[in-house]
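Just below is one structure, and these are the notes that go with it.
Chain naming follows the written order as A, B and C, and within any one chain the residues start at number 1.
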Amino acid sequence: MTELTEPPEVRAGLSTRAAGVVFLVPGLAWLAIFFVLPLGIILLVSLGHKDAFGGVLLDRLNLDNFSRALQPEFLPAFVNSLRYALLTTILALLLGYPVAYWISRYGGRRKTLLLILVMLPFWTSYLIRTYAWMIILRDNGVVNSILAAFGLTNQPIILLNTDFSVILGMTYGFMPFAILPLFVSIDRLDPNLVHASRDLYASGRAAFLHVTLPLTMPGITAAALLTFIPAIGDFVTPDLLGGAQTTTIAKIVQNLFLSSRDWPLGSALGFILMVVTVSLTLLALRTLRREVIG
Amino acid sequence: MTRERNRLLGLYSLAVYVFLFSPIAILILFSFNASKRNFAWQGFTLDWYPRLLADRAVLDAIGVTVQVAVVAVIASTVLGSLLGLGLARIRFRGSGAAETLLLLPMVTPEIVMGISLLLFFSQLFGSHGSIIQISIAHITFCVSYVAVVVRGRAAGMDPGLEEAARDLGASAVGAFWHVTLPLIAPAVAAGAMIAFALSFDDLVVTTFNAGVGSSTLPIFIYSRIRFGVTPEINAISAIIILVTSLAVGAAWRFGAFRGDIRTVAEE
Amino acid sequence: MNLARDEASVDLERTLVEYLADRRMTRRALLSRIAAAGATVALAPILAACAAATPSGSPIRSATAAASAADGSPSMAASASPTPASSPEGELFIYNWADYLGDDVIPSFEKRYKVKVTQDFFDNYDTMRAKIGQNGGGYDIIFPSSVDVPAFVKRGLLQPLDQVLIPNKTNLGTEWQSPGYDTGNVYSMPYMWWTTGVAYDSAKVAEPLDSWDALWMDKYKGHIVVLDDVREAFAAALFRLGKSVNTTVDGDLDAAYRLLAQQKPLVRTYTTDDIGALSSGDAWICHAWGSDVHQVTDRPTVKFFIPREGGVRGSDTTTILASAAHPIAANLFINHLLDARVSAANTNKIGYMGPNAAAIPFIDPAILADPSVNPKRAVIDSLQELLDLGPDLDKYTTRWNRLRAGG
């Protein structure tokens, strides 16, 4: 009985703070132990230098590896990574938003089923899916065979091992990572808000731009994060579907650790990649939110 | 929305589904390919399926993969959902840093994460790799994804709803269980599905944390690149799709997934 | 199996223990040194008796093995399977390429020695090397390339083989008995060898090719595939320049880099999947490993040649990790692989030639007749081996990363 006499703000405040601890501590603690600590070891490695046989020496700690990693010769690879990740994110969002919208508005009782259907192709081996794309895009593959059969070409078009195949493969791979968060946000949008704006004589387009889009911004943000950030670090898709000109910075980091056996330099470059990506992302999000929501 | 637009949208979505499933169709087709390679169609055969079922190594790998995926999905969904919810609703002094920390596992190159965990476990615990180590690694990279998705849903969610429930006499846990949780349930489910896909298919981080006899399916599959990925691998994927589809279909038939995802509270 | 010890041998034992401790050697290492140095056969049984506490072979057997090794007649030891003093441990852990052993190799070993073998596969050699370097996995046997053996030894990752348990080593062809990368086969036994050259689709390439220049032909731009391997790619360029593939001269490497930079716009992709590139038809001219070309059965018009400037010969080895928990079983397994019939079975399955002279009668004649797998003696002699460059590998890898990252 005494509870009800306390002012509601205080009660909410207590539960909020206590809830905060319960909610945040387990996840943050896990990340602190199993992510931050190991990363700390890598930071230490990045300050060392490699020995003659591919091991790491930690005797003279310095920042040499960071200045080596910032050399201009790695820049084209970094630009490639940025290019691919940006295009992939934009495409996945553009292509995925209508699908998420349709599932939410017209899926009815089948909504979850439709979502699972989006995810289903990705519960198979990535390698086999990529091989399937190679079969589709190769010089003697499905697309070229069809084009030749209809007499549209007399020579195969080179589709594989190009920018096109990389972006296609990456967009394909990240579609569910875009569609699912978009759906989750669109689905909680009250359709009455849109109806109300139409009632007030807004055009369909205006209703979308000024009501739907801003209100689904959290979902768009989540989808953008889930696509752009992993895409920067994706080296397998550009490696398998790409060619000699599509080398990404993630592949260079991989090379440094593996064939160059230079863990310190690889670690330094990895860190720079992480810092640049997260900064760019946070900056972009802040700008985007301001533009759309106002 | 006009009926034409509705139909157009539906057709478009169908096209996207076709896009999503076209490699799968090729994949399944080539599981019947009478060739040792995955390149040219050489004729029809059913042989790869019995070979798959007799292949001990594959079955073991599938077993390990499922074990790890189940543990990783459950743990990361719980940790990540709580994290996402907390970050969406509570502002505290370190929340900017916490948000950045959330994004870092997603941006860390796989090789950096794999090697960092290898060093961590071998230097501090003398461990040489094991299923537990793999599971821990998977949970670590899945948590962020779940948290971001849940936060997307929880952001802008009216905290007044939970307050209202408290006003009406619910306990803190009760308000959470009956009001908040159903509201974020779709995000939790979406996060779980994403986590499963990530765990099921991970290669690099897993390789560095696997020990003797703890090879997962991706490790097994990728190891075959060197001398040829036989259609047996396609058969594995085809069977996985079949089993998953049957499971989902059966679940749906028995009433799961039906009904609107929205809760009464929102209507 | 306990051997009775009398007073004299206990004293000898104590002296031996101190001797070994002073030199930080294991008994096994001492025995192998003596065997390698060809010490008197009489000494071996005595020391073997002293070393009875460590499992290294019963005195009588080891004398026989040493004797037959001394007279060098391969036929006697063609199929020797020693019975060690202590039984092999019940398990064995192997880390290997997938599909790299004959089908019956492990089952026959398991049956003979009552050992349960667990074999894990890796997808990428460099990943395996990185992981093993940190003691990841806990394996007993790994298959490093010969070029990496010296570095592994220097890092203390390998333990010396127990030569007494590997009498089949006399089956090795003479040039493999003490290869440059591991004199005396102390730490490794050769497993398979191969050549690197150029493959091409004769249906697409009309002119006869015989030089590394083939990988630089403008008219096949977009249909040339190069191996994604820093040493191999540089070797191709260095051959064109007439330099050694193991050069560390900056001038040579800069010239090679310029050639590779010229080549890059013509290259469809850098990959280690030469089999795939050739089978799919996307590669008309492909930098390739000879034995891989043998496996391109989907496209019979593919041909392979070793360019006139020379080619690369590579090999890999079987070794035992220093941290191995099952050294006896490991040594016995390595011996098993050197058995003539087992070695032939491996070759027949994977299409690579082994170093095993005694295995030749049992190898599939089609493989023996295929010059991409088994080139003529004269060709083999003209090949260069890639050697361990130590810290100078840096000169190659920095240029390679610059090449790959560049626009």
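Just so it is clear, a residue touches a chain if its C-beta (ideal position, glycine included) is under 8 Å from a C-beta of that chain, and two chains touch if they have at least 3 such contacts.
For clarity, every value in this text was computed on a predicted model and none was experimentally measured.
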Contact graph of the chains (line, ring, star, complete, other): complete
Top chain pair, ranked by number of contacting C-beta pairs: A-B
Rounded Å distance between chain A and chain B, as computed from the means of their C-alpha atoms: 14
Interchain centroid distance [CA atoms averaged], chain B/chain C, Å: 39
Overlap residues in chain A, where contacts from two or more other chains coincide: 138, 140, 257-258
Sequence positions of chain B contacting 2 or more other chains: 39-40, 115, 119, 203, 222, 225
Touching two or more other chains - residues of chain C: 124, 127, 130, 280-281
Chain B to chain A touching residues, read off their complex: 1, 5-6, 9-10, 12-13, 16-17, 19-24, 26-27, 30, 38-40, 78-80, 82-83, 85-87, 89-90, 92, 98, 100-113, 115-117, 119-120, 123, 136-137, 139-140, 143-145, 147-149, 151-153, 155-157, 159, 163, 166-167, 172, 176, 183, 186-187, 189-190, 193-194, 196-197, 200-201, 203, 217-218, 221-222, 225, 229, 233-234, 236-237, 240-241, 244-245, 248, 252, 257-262, 266
List of chain B residues in touch with chain C within their complex: 35-37, 39-40, 42, 115, 118-119, 122, 128-129, 203-204, 207-213, 215, 219-220, 222-228
Contact set on chain C toward chain B in their complex: 93, 97-100, 118, 120-124, 127, 130-131, 134-139, 272-273, 275-276, 279-281, 295, 297-299, 350
Parts of chain C lying in touch with chain A, wherever the complex brings them together: 124, 126-127, 129-130, 133, 151, 154-155, 222, 226, 229-230, 264-265, 267-270, 280-282, 390-391, 393-394, 397-398, 400-402, 404-407
Contacting residues of chain A [partner chain C, same complex]: 52-55, 73-77, 79, 134, 138-140, 158, 160-161, 242-245, 247, 249, 251-252, 255-262
